[in-house]
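What follows are several structures.
Both complexes shown next keep subunit A, but they swap its partner, so subunit B is in the first and subunit C is in the second.
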Partner chain A sequence: MVGQVARGGLLTGVVLAVLLPLWVVVVTSLASRETIDEAGGLVLVPREIDVSAYVTIFSGGQVTRALWISALVTTVGTAVSVTLTVLAAYGLSRPGSVAHRGLLLYFLLTFLVYPGMVPSYLVVTGLGLKDSLWALILPSAISVFNLVVLRAFFQNIPGDLLDSARIDGAGEFRILARIVLPLSRAVIAVVALFYAVGYWNVWFTALLYIDDNARFPSQRVLQSFILAGQSPNTSGLVGAAMPPTLAIKMAVVVVTVAPVVLVYPFVQRHFVKGVIVGAVRG
Partner chain B sequence: MEAPGPDLATTRRNVLGLLGLGAAATVGGALLGGCGGEARSTGDAQNLDRLAGLLPHQRPLPAGIPAPDIAGVRPVPDGYTDFPADLVDAVAERPGSSGQEIRAMTPAWGPAPPGLGQSAYLAAVNAELGVPVNFSVQDGNTYAEKLNAMLGARDVPDLLCVPEWEVSKLPRFSDAVAALFEDLTDHLAGDRITAYPMLATLPTGAWRNALWNERLMAIPNPTDGPFPWALFCRRDLLDRAGLGYPTSMDELLEIGRQVTDPARGVWAFSDIFAMVQMFYRSPGTDDGWRLRPDGTPEFKYETPEFRQAVEFMARVYREGLVHPDLVASRGADAKQLFQSGRIIFHQDGLGMWQPMQAEQQKVTPGFDIQPVPVFSATGGDPLVWGDDDPISYTFIRKGLGRARVEELLRVINWCSAPFGTTEFHLREYGVEGRHHTRGAAGPAKTDLGFKEIANQYFFISGRSPVIQPYPQTPNYVRDLLTYSNEMVRYLEKDPWAGLKLEMPARFKAGLVPTEDKITDILRGRRPLRDLDTVIREWRTSGGGDEAREFRARALADAGR
Partner chain C sequence: MSTREAVRPGGGWETPDVGPGGASAAGSDTRRAGRDVRAARRRRRPGRRPPLRARLRRDWPLLVMVAPAAALLLVFHYVPTLGNVVAFQDYNPYAGDSPLQAFLASPWIGFGNFEALFSDPAFWDAFWNTLSITAFQLVFYFPLPIALAIVLNGILSARLRAFVQSVVYLPHFFSWVLVVTFFVQMFGGAGLLAQTLRDAGLQPWDIMSNPDTFVVLVTAEAVWKDAGWGAVVFLAALSTIDPHLYEAAAVDGAGRWRRLWHVTLPGLRPVIVLLLILRLGDALSVGFEQFLLQRDAVGRQAAEVLDTFVYHQGITTGNYGYGAAAGLFKAVVGLVLILAANRIAHALGERGVYSRS
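Up next is the complex of A and B:
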């Protein structure tokens, strides 16, 4: 009995620790300036619903457009990444494929050696991708981590299954499409989620490669709302604007996190299963 | 005289050097830093006194601009308390003729304004210019990272704004300047500046800073305020408590204790360490370098004044007079706490003053913030940090051809028209009726004005600086200039003034880690006695001794 109460208390504590910050963020984003002033910052107890922060963010259409751009980058990017990763992982998972050891080593090397910002910038601009949304997708199209997870999973599909398909006259692509992919739905969902979150959060590559304000993805635009008015450490008076109200900052957090939170429950059931399968059998 | 430094047809070594330029400055991404970064790691000094002959000759403002209402003691600019009734047409000819779009990159702090084709403001100004300027407006807080990549990859727009405070973050910047940007000496030196009469109104001091590799390489944007920091107080709250400005450290501490009331959620201070150093007369203008009586350079860490400041600030933290949110995290918003009266004294740039006053007086009746006059903790005259370094520089991409460079300079000239001209008015406030409305007290920006105008043209030009009036805050200009004119008398003398120094790389890299360690000591996470260890480490591995020798050599070379 005591143990149960203790356990219940502990769990309540954990749940509160997770939910309370989210609650504070949402409530503050809907608080008026007076309420925030009175609280001296984050608001715990809602007193009214004031949507002016959201109105500020969404007026002018910049954020709406940026959200659409992010949605586009996320969908296209995830499709491209998942396709490339599946193809590469399948090829590398078959023991007989050409130079697969060398290729795998080459992929793994990128874990250790990062080419550096300026060389990457040179390659991207050299390919004419500057100011193109592809610059946000192609340089990071394959994540080696995801590749390794997928490859490990593919390797664990019984060889007999594939052999029987081969006897029935299936080629490699048909085997991949008809046998391997249906068996790997869980792990692919997970990998897709990883990619999607990555694309949704893309910021630094956009900072480097996108100059056109009309093509900024959401994080780039939302960040500018948060940092507005953090005057540079300079003696001049110019460039200083008022920092945004806390409500605006919190509204930005809500707008940023909401899509991920909304999508997560649908992928979640695959999530636990997929990662564990990859990890244990890998 | 030819500019030294790598030419465009470059050798492999130079390519690696420029790559290093980008990589070395990226935090943690210094993989390539070692390849070519060594060449100049010992620092670079340029004596601006010897180059006085290159500087453009200053000319008076256009005729018809009214005299300022309050004179500033230089480098404090003059101030206007009222808008001039009539504006002067300063530039007769349309600057642009080629029709060829000008690409430019400028910083902004806040949501990026709409770009070309979506902005009535850009359309209006571009129509006046006769040539479209297409801005890429980048976030000012991450501007250095963007610059690093662009300079490293040699991918620069026609006009590039480089804020002064970013220059020190760009290793081997003088090499990049020589390789990538047009030498403007032949266009602007001496009397040649008369072709660009608005640029000729810029103070000579600003041009001194626009010299790199002993050539005139950029248009400076002269500063409108020399002081990096001020200690703001909530004057309204102090008045209510019957308290005046502190004039000694004891009074500061005493007032701090009186106003701190955790039960009501009020604390006295934000992190005011820079101001405390100033009160103790610790050097700070030139990073914190000064000369000992025997003529050898010393850094602030090594001075007794700095140690006293550390001891005082550590005490302020220990006594719990700093708002706990600010002690706990760097992310806490001190401005918000100050606005809402949760802290009474806040250290910030003077640029915070007008916008905060204008914004918060709408919410809090009687809201009044004022800077505390700087005093000396140890008697005698106070010491005030400050310099007349420009706000930013505008560079022109190399190799565009003489005609295009002249067109770009004419565009910059137009954008540099001073306060009181129609050009300035359009640049600053946009189109009347759309971007601002004109009342008795002066122009007030509309929502569209706030959205579309983000200092775009300001950051590709300079202008003869003035403090301009704001209708919402009628006392601001007078208060600011009273404070500034009083403080400027105590401006710290910089023995290296006029020498452009690019400090050794190790010293630059060592500063932030050392500051972090000192912050730990201030906040009580490390004992006070660790200060000696921290400073000893800074001398050796932090590049302190190396930097001192470099500073001494620079002075000797300049014959001082």
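Up next is the complex of A and C:
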């Protein structure tokens, strides 16, 4: 009994530790100036809903632009990454095919030897990608870990299914599109989530390669507003009373975290059900 | 129709061996690959396979599929890996119009950068900072996902368990910028904790910029972000433990703690060893963005680790060859560490990250 209570208390504490910061940030972003002043800063108990901070950051200006940039990078990047990873994983899923062993080693060796930051920087800038959004996508477009997860999944698809399609004269591309992909929706969704989160969260790569602040992705803007303490540069809203800075900052945090929190539940049930666990277990 | 012949079932493609899925973890991908490679080698007997031309005609679509990903890795992984040789140069970015020309025009200086590096106190500060943070986290971070997995595994209600799991996994998907932001809002000088302390008439202290407690702070951040996600692997391993073992132990009169000690922990042992090896191999990485983001707040003395050292030397100050030398040092030591840790694991009778083929 004591064990039960202790476990209940522990789990409640763990859940609260994750959710409380999110709660405080959302509530503060929706608080009015009076509520914030009264609380002396962050707000724990919501009093009213005041969306003026969101109106401010969405009325053009750097935050709006950064969100568009991040959305663009995430969409294009995820599409490129998922397409190329699925293709390569399928291409590597046939032991005994031409050069299979060598190609597999080529991919797996990336776990053991890797480039340092300086040579990578020289290669990317040498290719003229400085200030190009492709610099946020191409260097990290292939995650060999994701590739291995997909490959493991493809290899567990019954071979008879693919063989019978081959007898019917289907080529490999057709087999991949018509048979393998429909069977792999869940695992591809999880891999796509991993890639998308990676692109949405990109910060350091943008620090390295993007100097033009018209092309900053959202994490870069978040960092400069909140951690480096610059004030959000919001155009629009001339003459109207500015909402409190703290509310604006918290609103920036909310819009940066929102896509992750919103997409997460749809994909998360797959890895709880064991897509990743199964792959990890080998 | 020879093409049709070649794609007949059994025309050379074996169904991949799925293998008995033991309780292993992340690194088993490498191991699985190793198994496939060995299986492929076994099959390579002269005369058993169709000639190369026929196989090429059969397999070219697979090669086409692999090509784009392989090309990206070539350009953005292997070329820069070879590019580590700038560590042996006095690389001058202005020696040419492009990095390539500058590379070709820069003089080779042998181990000059390394000699300078090893006599640079700032490098050793970063080195020892990194190692002490790794050691601290080995004690105060590493066991937490295991404990959390055991607690989660004990939740009987499937719905409650799924709920708690999804909550604790969530912060793994937040960026470091966000995680540090949350910590600033909670524990910073103007954060919720300081606010509450002030309201209670107490003197708040600023946890976020105190170099003395920085190691505790970064560990707390790492725990908040990743301990939940880290439990995934251990939960998978726990689900493979035969429930009969628990019943037998209970029948023999073993209490809750004895069952934990004699059934649960031995069941987790291969995974724990595997993750320890991976952590050891990564002993010189303690997280990069996390430290870069907080370096200015707490100062270089406490927050400079090897990765941030490489960044500041190699890129911010433009001392490319020097920074590359520090990066190469880290990569080589990491490779040696992981090979050594794996050898120790084999000596102790564990499977390790990969087995020798």
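The definition used in the following text is that the second predicted complex is superposed on the first by the 195 of 282 C-alpha atoms of A that agree within 3 Å, B and C clash if a C-alpha of one lies under 4 Å from a C-alpha of the other, contacts with A are read in each partner's own complex, and residues count from 1 in each chain.
By our rule, a residue touches a chain if its C-beta (ideal position, glycine included) is under 8 Å from a C-beta of that chain, and two chains touch if they have at least 3 such contacts.
Keep in mind that this is a model prediction, so the values were computed, not measured.
Contact comparison for subunit A: of subunit B and subunit C, C touches the greater number of residues.
Residue contacts after overlaying the shared chain place A:227 against subunit B and subunit C alike.
By the touch criterion defined above, A:265 lies against subunit C but remains apart from subunit B after alignment on the C-alpha atoms of chain A. Of the two partner chains placed by the overlay, subunit B and subunit C both lie in contact with A:119.
Contact with subunit B, but none with subunit C, is seen for A:33 once the two complexes are overlaid on the shared chain. In the superposition on chain A, contact is made by A:211 with subunit B only, not with subunit C. In the superposition on chain A, A:132 makes contact with neither subunit B nor subunit C.
Residue contacts after overlaying the shared chain place A:62 against subunit B, while subunit C stays out of touching range.
Applying the stated contact rule after C-alpha superposition, one finds that A:253 touches subunit C and leaves subunit B untouched. Looking at the shared chain after the overlay, A:41 reaches both subunit B and subunit C.
Within subunit A, the residues touching subunit B in one complex and subunit C in the other are 40-41, 114, 116-119, 121-122, 125, 208, 223, 227-228. Interface residues of subunit C facing subunit A in the complex, by the touch rule stated above, are 4, 7-10, 12-16, 18-19, 21-26, 28-33, 36-37, 39-41, 43, 49, 52, 55-56, 58-66, 68-70, 72-73, 75-84, 86, 98-100, 103, 148, 151, 154-155, 162, 164-171, 173-178, 180-182, 184-186, 190-192, 195, 198-199, 224, 228, 232-233, 235-236, 239-240, 256, 288-289, 292-293, 296-297, 307, 310-311, 314-315, 320, 323-324, 327-328, 330-331, 335, 338. Interface residues of subunit A, counted against subunit C in their complex, comprise 3, 7, 10-11, 14-15, 17-19, 21, 24-25, 39-42, 44, 84-85, 87-88, 90-101, 103-108, 110-127, 138-142, 144-145, 147-149, 152, 155-156, 159-160, 163-164, 166-167, 169, 171-173, 176, 197, 200-201, 203-204, 208, 219, 222-223, 226-228, 250, 253, 256-257, 260-261, 264-265, 268-269, 271-272, 274, 276-282. Interface of subunit A with subunit B (complex): residues 33-34, 36-38, 40-41, 60, 62, 114, 116-119, 121-122, 125, 130, 207-208, 211-214, 216, 220-221, 223-225, 227-243, 245-246. Note for the complex: subunit B touches subunit A at residues 19, 22-23, 26, 29, 31-32, 105, 107-115, 118, 136-142, 145-146, 148-150, 152-153, 155, 163-165, 223-228, 265, 325, 332-333, 335-337, 339-342, 348-352, 354-356, 358-359, 363-364, 386-387, 389, 391, 451, 455, 458, 467.
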